[in-house]
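So that you can tell them apart, the chains are marked A, B, C and D in the order they are listed, and the count of residues begins at 1 in each.
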Amino acid sequence: MSLALDLLTILAVSAGVFFFLAGTVGLLRFPDALSRLHALTKADNLGLGLVVLGLVFQEERLFAALKLITVWLLTLLAGATVTRLIARNARPAGPRG
Amino acid sequence: MPHSTTAGGFLLVLAIVLPVAGMLLSLVLGGRHAQRVALILMPAELAVVLAIAFGVWRTHNLLQYFVGNWNPPLGVAFRADGLSAAMLVTAALLVCGIGLFARDQFSSPEQAETRAPLVFWTLLLAVWGALNAVFIGGDLFNLYVALELLTFAAVPLVSLDGRAETIAAALRYLLFALFGSILYLLAAVLFYGAYGTLDIILLSARIQPEPVAWAAISLMTAGLLAKAALYPFHLWLPPAHAGAPAPASAILSGLVVKAPFFLVIRLWFDIMPRMPEPAAAQVLGILGAAAILVGSVVALQQARLKLLIAYSTVAQIGYLFLMLPLAVKAETGHPWSTVAWTGGVLQAISHAFAKAAMFMAAGLIAEALGHDRIAGLAGIGRALPITVFAFALGGISLMGLPPSGGFIAKAMLLTAAVAEGQWWWAVIVLTGGLLAGGYVFLVLARALADPIEPLRLLTTVSPSRQAVVVALALCAVLLGFVPLRPSELLQIGRPAITTGLR
Amino acid sequence: MVFDIGLALLIVAVAVWTIAARDTFAAVIGFVAFGLLLALAWVRLAAPDVALTEAALGSGVTGVVLLGASTRLRHAEISAADKKPGAMLRAAAAVLCTVVSAGLAAIVLVLPHPAPTLAPQAAANMAATGLGNPVTAVLMAYRAIDTLLETVVLLLALLGLWSLTPDPFWGGLPGRRHHDDPDGVLTFAAQLLVPVGILVGIHIFWVGSVAPGGEFQGATILAAMWILAAMAGLVDAPPVSRRWLRLILVAGPAVFFTIGLAGFAMADGFLAYPESHAKLLIVMIEVPVTLSIAATLALLVAGPPERMPQQ
Amino acid sequence: MSDATVYGLCSAVLVGLGLFGLIVHPELLRKILAFNLIGGGVFLLFGVVARRGAAAGFGGDPVPQALVITGLVVAFAATALAVALLRRLFQETGRTTLRSDG
C-alpha cells in the first residue's frame, strides 16, 4: 500500500516541478509583463497544486492534509490578488480596467 | 556589589514609567492637555529622580532592580550608580527648564488641536523617558531599545517646522543613527555569542582579552561614535541641531548627544576594567582632539548664530572623548585617572546646561529679530540684556573661565594630562578653550556694538522665559564651585580596580 | 547540510542582485524575495517564530512600504552631481566591505565551541510563566521590559510619521483613497481573503503561548489584511484626530504598564506575574498589545494624513 | 562545519554586501534597502548564535530568538520613518538624494 502511495507522490511532485519549470521558462521568454504574469500564475499554481497533492499522499493525519490544501487555496487567492495589483501597476489604463 | 533588588530599586522603574506613561496620556488626550500633562508630570518626575540620587548618596552603593524579579543573565536589571544619578538629575533639571521655556512657544490653541504643540510635548516626555532608560539600563539589548526610543523621539523634533532643509537634516540624522544602531547590534550579538550574557556586570566578569571581545568592543564603540557625532561622524549634527526649534535643539545638544557618550563610558569603564589598556584609547583621544579643532575653527566661520552653537557642540563633544585616554588606566588604578574621570563627567554636565542656555538664548534673539544672522545682531545687547547675559554665562562655561563648571572640568583634564605625562592633551584643551573664547567673543562683540539704525524688535520677549535661560546658565556657573578633586558621588558604583584612591 | 549551503548561496545571490539592480523597483522586488528566503533560513535554524516574523514583517510589510515608496519616487530626477560615485570609490568600498565580511566570518568561526546558552535557565523557569512557547516566555516574562519599550518605540515611529503632515492636513485621513472597480478580481479576492486572514491572524496570535506564533506575527497579519482591504478600496483609514483611534493605539502599552505596575501588589515586582494566573495575565496583556500593534503597523504603511475628511 | 556556521558565513557576507550598497548608492531608498539587508544579516547572526546554543530540549536558545523578534519590529519602525521622511523630502524638493552626501 505505502509503495503505491510513494509512487503516486513521486509522480505528482515531479509533474508539479515540471509545471514550475514551464512557468519559469515562460517568465524568462515572454516579451512583456502581462504575458509573463499570465504564464507565471497559470503554471505555478498548477505546479503547487500537484506538489501539495503529492504531499497529501504522504500525510497520515487528515487534519494536516487539510491544512496543506488550505495552504494551496490561500496561495491561489494571494497569487490572484498580487497579480491584479501588479497588472494594475504595469498597465493602469487597460482596455477596460 | 548587591546581588538582588535593593531598597530604593522601585524608584528606577518609576523614573522610566512616569515619562512614558505621560507620553501615552498626552497622545490620547491631545490638544491643550498634552502641555498640561507634561507640565504636571515634571515636578513629580524631578522628585523621583532626586529620591534616586539621594538613595544612591545615602547608601553609598548603586541602586539595583531586577525587572519581573528575574535575575540576570535571564532577566534585565536596572542599575543607578553615582554617574547615573548625576546624569538623571541633570536631565530632570534641563527638561523642567525647557518645559518652562517652551510653555507659550508651543501652547496649543483652545479649540482645535494643532500638530506642533502635540508633537513637541509628547516627544519631550518620550526623550526624557528614553534618557532615563539609557542612564539606568543594565542590559546591553535593553540599552539598544532605549537608544532606539531616543532616536525615534529626537528625529521628529528636528523636522518639527517642516521646512525642506530640516527634513533633509532629520533624514541624515536618522541614517547616521541607524548606522550606529546596526554596529551596536552586531557587537551585542558577538558579546552574547562569546559570553552568553548581555548584562553589563556579568559581562565584565566573563570578558577575556580575545579577538571576539576586541571585535565587539570596537564595533560597539564605532556605533556609539556615529550616534554621538564624534569627529568623522559629525556631519549630521550641525544642520539637525540648528534646524530644530530652540527648545528642541537645547535638549538635542544638551542631552540626546550625551546618551551615546554615556554608553561609551559604560563600555570602557564598566565592561572593560580588567582588560589591558587598549591603544584605541589614544585613537579616541586623537578623534576628540580633531573634533575640538575642526568644530571650533568651522564655528568661527559661521554666519548664523544657531549653526555656530551647533558646531560648538561638535567641538565640546571632542572634550568628552579626551577623557578616555586619560582615565582608562585599568590595572594600575592610577590616582590621576579618577581626576580625569570626574573632569570628563563634569564637562558633560556643565556643557549640557551651558549649551541648552545658549541655544535658548539664540532662540529668543531669533524670535525678537526675526533672523539669527550674526552680522545683524548689533544692538541686541541693549534690547535683550538678560538674554545676552545668559548667552555670555554659557560662553564662559564653554571657554572654561574660572567661575564655571567648564573651568573645573578642563582644569581636572589638564592636571590629569600633565600628571600622567600625556602633555599633548593639555595643549589641545588649552587651544580648544582659546578657540571657544574666539567664537563667543565674536558673537558678544557684535551683539554689544551700537546698531547703525535703531533696532526694532518684532515681538517683545517675556521676562519669565529669559529668567529660565539665565537660571540654566547659572546652573552651569554654579558647577564651578564643586571642589577640585574626584567627587564622592561619581565614584559610587565604580568597579574597585579603577578607584585608585581607595 | 547541502540544502543549507544551497539556500545560503541563493540568499547571497538574491542579495547581490538587490544591490546590483539598476532600477529601484526591481531592487525592492529582489528584497522581498530575499526576505522570504531568509524566512526559510530561519526555519532551518529551528526558529519558527522568527521565520513567521521575518516573512510577515521583515519582507512582507517592509516590502509594501518600500514598494509604495519606489513607485511614488519613480520619476525622481537624479541631478548630475549625485550620479553613481566614480570607479575609485566603488573599488575602495568593495575592498572595505570584503575586509568587514572576512573579519566577521573569522569571528563567527572562532566563537567558543561549548556555545554559552540560556536555554536551560529559560526552560527551568517556564513553569512559573505558565507558557509553552519558550520564545513567548522570554518576550512576555523574562524580558518583558524590552517588549514593553518596543511597543512604545513603534508608537513613537507613528507619531514621528504623523509629525510630517503639512499643517493644513492635521487631523485628516492618512494615505490615499484607493478605488477599484467593485466587481473586479481584486475586490473579490479581498472580500474572500480578508476574513480568512483575520481568522489566521487571531489563530497565530492565540497559539503563540504554546506553539510558534505570538502577538507580533498575529498583529502583522491583521495589519496586512487591513492594508489589503484598503488597497481594494473596501475600507478607508479613520481621521487621525479620532479619540477612539488614539485609544486603540495606546491601549497596548497602557495595559502592559498597568498590569506591570499591578505586579508590585500582586507579585513581587514590576512586570512580575503571580504564578497562579501568570498565563491569564499574559494573555490579558497580549490582546490589547496585538490590537495596538496591528493598528500602528497599518497606519505606518498608510502614511501621514494627506486629505481632509469631507464633512 | 555545522549548518549554523554556514548561515554564520552567509550573514557575514550579507553585512558586507549591505555595507557596500549603503556606500555606493546615492539614492536614499537604495540606502534604506541596504540598511535592511545589513539588518537581515545581523539578525541571521543572532539566529546562528541561538542555534549553536540549542539545549534543554529546545531547537535553539530562545533568548536571542526573542531579541531578533524585538529587533525586527524596531527595524521596521525605522524603515517606515525613514521612508516617510524621504517621501516628504521628495514632495518638498523633488529630489531623493542628500546634496553633500555624508
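The rule is simple: a residue touches a chain if its C-beta (ideal position, glycine included) is under 8 Å from a C-beta of that chain, and two chains touch if they have at least 3 such contacts.
Treat the numbers as computed from the prediction; the structure is a model and nothing was measured.
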Residual chain groupings, excluding chain C and keeping positions: A | B, D
{"item": "Chain A and chain D, separation of their C-alpha mean positions in angstrom", "value": "31"}
{"item": "Interchain centroid distance [CA atoms averaged], chain A/chain B, Å", "value": "57"}
{"item": "Whole-Å gap separating chain C and chain D, where each centre is the average of the chain's CA atoms", "value": "13"}
{"item": "Chain C: positions in contact with at least two other chains", "value": "104, 111, 115-118, 122, 142-143, 146, 150, 153, 156-157, 160, 164"}
{"item": "In chain D, residues with contacts to at least two other chains", "value": "15, 45, 48-49, 52-53, 63, 67, 70, 74, 77-78, 81, 85-86, 88, 99"}
{"item": "All touching chain pairs, where touch follows the definition stated at the start", "value": "A-C, B-C, B-D, C-D"}
{"item": "Chain C to chain A touching residues, read off their complex", "value": "71, 180-181, 184-186, 189-190, 192-193, 196, 200, 228, 231"}
{"item": "Chain B partner contacts - residues on chain C that touch it in the complex", "value": "103-104, 106-107, 110-112, 115-118, 121-122, 125, 141-146, 149-150, 152-153, 155-157, 159-160, 162-167, 170-171, 241, 243, 246-247, 249-250, 253-254, 257, 260-261, 263-264, 267-273"}
{"item": "Residue ranges of chain D touching chain C (in the complex, touch as defined)", "value": "1, 3-21, 23-27, 29-30, 32-34, 36-37, 40, 43-45, 47-63, 65-70, 72-81, 83-88, 90, 94-97, 99, 101"}
{"item": "Contact footprint of chain D on chain C as seen in their complex", "value": "1, 4-5, 8, 11-12, 15-16, 18-19, 24, 27-28, 31, 34-35, 38, 41-42, 44-47, 49-50, 53-54, 57-58, 61-62, 65-66, 68-70, 72-73, 76-79, 81-85, 89-90, 93-94, 96-98, 100-102, 104-105, 108-109, 111, 115-120, 122-124, 134-135, 137-139, 142-143, 146-147, 150, 153-154, 156-157, 160-161, 164, 214, 216, 293, 297, 300-301, 303-304"}
{"item": "Footprint of chain C on chain B - complex, ascending", "value": "5, 10, 13, 17, 20-21, 23-24, 27-28, 30, 65-70, 73-76, 112-116, 119, 122-123, 126, 129, 133, 141-142, 145-146, 148-149, 152-153, 155-156, 159-160, 162, 167, 186, 190, 192-197, 211-212, 215"}
